[in-house]
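Both complexes shown next keep chain A, but they swap its partner, so chain B is in the first and chain C is in the second.
Right after this comes the complex of A and B.
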């Protein structure tokens, strides 16, 4: 595979990662949200494998397989089980309306493009142009955590941010060392379990996963 | 040489005017099949038009010249648009009169006058239809222009013939910006031609109408012209999509054989796009009017993402 084609496939995948980030940002139904999250994981995994092939870094294959198993199957499965157990059926509520969220998201993409333009100039990798997309994915995940009221969607936003960081690592430096990646993957997995336990506790205490309910914890007034 | 090109141009306009009802008949036929109904003949739209042409025009007493003038204007602008979009060949002699931005403007003129005509009579449904149509237009047009700018940037021209030529040569393959622009274009086509998630073309319930409510007062040949123009608009959007994103099969030189081949290929492409349209329409329900902002907002988002990814990734 020559470099030109690899770079093109890489930017195509980057574009679709950004697309899934936006899809998550505007998706109201929680099951679809989990599905889109799984798709984003799949795109990341393919991208990592391609970068690994082009850059001839074999440890990227391992992290690609890890991404595939963890972010495409295990995490969505855990989230799915959580949603079923906690009987979350209704549509996710957002704080800001959807078109407005989209516009903020677009502004974030432009911002990260501006921020990353000088950094990309310094890089000689074929994946350098996807840096801005990676940063935008992180920021959109953050925006998702801010605009959603529901604890489960906030966690998906957090995981989407982690996806963005992973994507940034692959495109900026051809991936972190394997030890670091193993550690991060384990962290995310453990975090998902802990989140699950927390969700059950929040649910039994407040009878809802709406984080606004936690304002009740304030003393006084 | 010039004469040959003029003949091609005339052929193309004739194809648009002649085949648009056939295309609508095909779409209706497929739709009947997917819904398990027996369909009317492919030629039914022609019969409807012939019936309308033979009927008398009933005009409201207070109808002004705008009301009578609009059907001809809508029909005329659609034909001009049809003379500009490359369907048979990219060497259209009339192509320099309008680039893709003017094309959007032509559709906007037709829509503007239809909205005026809807309000002209002063019935409640006409005014309601006009205001809804303008709401959709105000959201769809920025998205349409954004998608077109993206395609123009990627192909370095706003001339439709030139865009088709560059796309044909295959230099712009595998560009993410074009993929985004294409998705945006599909969403906008559904909105602009009044297809299902936005508007239901076959509705008989006035309260849910968008485009139909505006032309509710038309009858006879006026209605025939407006309906015909609507069919041509659907045909044109499909042809425009094919010229912008899939121009393969279009004639590059002026040979009569090539142009005949291009004619067959464009009809095949339209038949295929009819299938796609019906699949989309069957899979979706009509949206509430106030959810259209989300639908068209995502079209705008796609188009803008396309433009951004052009700058970031290419």
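Right after this comes the complex of A and C.
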């Protein structure tokens, strides 16, 4: 596979990652949200494997497999179990309406491109064009956390942000050292477990997973 | 003495610090048997302090400097130690009083036996001493601050020793807050100096040597000086940062009060001298004017509060504020003279300040130990409930009197010498080139004279009300004389007071190297020009003083009076107290602490926040003959209302405003981070 084709596949996958990010931003149903998250993980995993092959960095295969197992199977499964156990049937509520969120997301993408233009020019990696998309994915994840009220969707936003960071790491420097990636993967897994436990407690305390309810915890003055 | 010859002073001082630290670690093991622990503790602390004193005396005597680099410290930032004459002088001051107080502690701590374990006090006492020694020895900012914090934290736990009372916890907290606000200022000051010395790219600027070699721009130096002065003044208890002193000193155990007031405040003075004269070196005259002005304010305000106080230990604490003021006046004067290139006069003022540092350590240590003995015997701090203690505690009374006479600056004791030297420096101020300072100096000297007079009144009151007259409180039968270890601690301190007062020429000869290195002037040429008998700070035709002759004269007069009175029996006979025609005098009819201070309260009431009220409890028979009169008097520091309450109010107001950011909604918090990230990213593009 020559570099030209690899770079094109990389760009193609990056476009899909961005697409899934937007899809998550606008998706109202929680099951579909989890599915899209799994798809994003799959894209990420394929991308990592390709970068690993092209750049001849074999440790990227390991992180690719880890991504595949964690982000495509384990985490979506945990989230799925959560949703079933907590009997979340409600559609996802948003604070800002969907078209507005889309517009903000677009602005973020443009901003990321503007921001990354000087960096991409300096880079010699085949993945240089995807840096802006990685940043945009991070920002969109954060935006998703802001606009959603439901605790489970906030977690998905958080995990999407992590995906963006991972994507940025692969595209900017051909991945982090393996130790760091292992640590990060473990962190994400543990975070998901802790969130799960917390959700059960929050659910029993507030009888709801709407984070608006937690404003009650504020100290009165 | 042979041991002292083999090892260098720096090694001896370091070894004794190590000894104290090791003992602090091991004290817990001895904790089972409190009696053994106290004896061992007293021995170890006395030994370590004596060794350190010897090291300090030797260093000043030889005028040498030694430097060490320790292997411990942060990576690439080892600790530096340096023992130069200035450090040696302060080591002597701290060590000497620590010897006396450590001897005294053996008896004092026995008073806690059966009430509470003293292990905690022993551990922190050792750490406290070690911290003070290390502060003086430190030769880099890092080690200095670590030692400073060890000292502050250890003294916090010592103040907290009797922590079951809310009053004590509150006082200790106040002390901790002030100490840390001060420490932050000192840290910033070192930061400014290190940054100016080598820039922030290199860390080597943290050593004092790097700061000594740097030349600072005036603005940077001023910032460093003001920060350091603020930080050290908070520790020293200068007005208006003195508020912790009258709270923390009374509640600490008395041996700790003696150390804190006697020597811990002096480490702050050391810091001011070290940074100003050694690290910054060049300064405009108005820095000295600031120090001088605040010193005068501290002296006058401190003694005014002291004279109105009725709690014996609070009185002593306020008197420490006054004495710190006097020392600061000396330092300020020295700075002014030094910046106008008058090295001999600067040396005179510096000698006066340093001499007063030593003197105040001795007599304030003695007085606090005396107050501790009284507290130990009567369980009472309020002078209104004491009286006539001279009959029950003759030793303590006599030794306390020595302290009172010394602090009131009466010859032949030591307080006189340093204050006299300071006045000599003031009298030479017309040689200053600045007309403004020429105008200001006589006023400052007059205020200093007022302070001295008020100090005398304060200690006449302290001694008279507590020790003379008749007993006012209950439980007189439990009052007993202090035991021998407490007595010997106090006797040694009193002897030091007398020695320092009688042989000033010896002392000035000894410590002359310190002002010479700091301001480049010497005093010993002129001061001891007329031989060891006469102290002549400038010239013999101008002013001279001989402590020995005054002492001999005092003894002769006393002896003659004694002989005249006692040579023929029957010349003295005791009769009943003259009762002015009243019958049945009670002890409540005596002058007491409040009534003694009444005239001064009338005159100086406007500078102090006084609230007094008299209520009549009328009798049913006739209104003209009330049953009882009730008199309420409340004296508070003005500073609380003027300075601290507004500051507290402002910080609460600010906190409420900032509290609005706290919405309790996760989304809002996320938006804060989101916007911050965006703004920061945007700034990188620009």
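We adopt the following convention: the second predicted complex is superposed on the first by the 218 of 221 C-alpha atoms of A that agree within 3 Å, B and C clash if a C-alpha of one lies under 4 Å from a C-alpha of the other, contacts with A are read in each partner's own complex, and residues count from 1 in each chain.
Everything below uses one rule, namely that contacts are C-beta pairs under 8 Å (C-beta built on N, C-alpha and C of every residue); 3 or more make two chains touch, one makes a residue touch a chain.
Quantities reported herein were computed from a predicted structural model and do not represent experimental measurements.
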Contacts of A:98 with chain B and chain C, given as first, second, both or neither: first
Overlap of the chain B and chain C footprints on chain A, listed as residue numbers: none
Chain A contact footprint on chain C (complex, rising order): 656, 659, 662-667, 670-671, 673-674, 677-678, 681-682, 684-685
Complex contacts: residues of chain B adjacent to chain A: 174, 176-177, 179-180, 293-294, 297-298, 300-301, 304-305, 308-309, 311-314
Contact footprint of chain C on chain A as seen in their complex: 95, 111, 114-115, 139, 142-143, 145-147, 149, 154, 211-212, 214-219, 221
Contact set on chain A toward chain B in their complex: 8-9, 11-12, 14-16, 18-19, 22, 26, 98-99, 102, 105-106, 109-110, 113, 129-130, 132-133
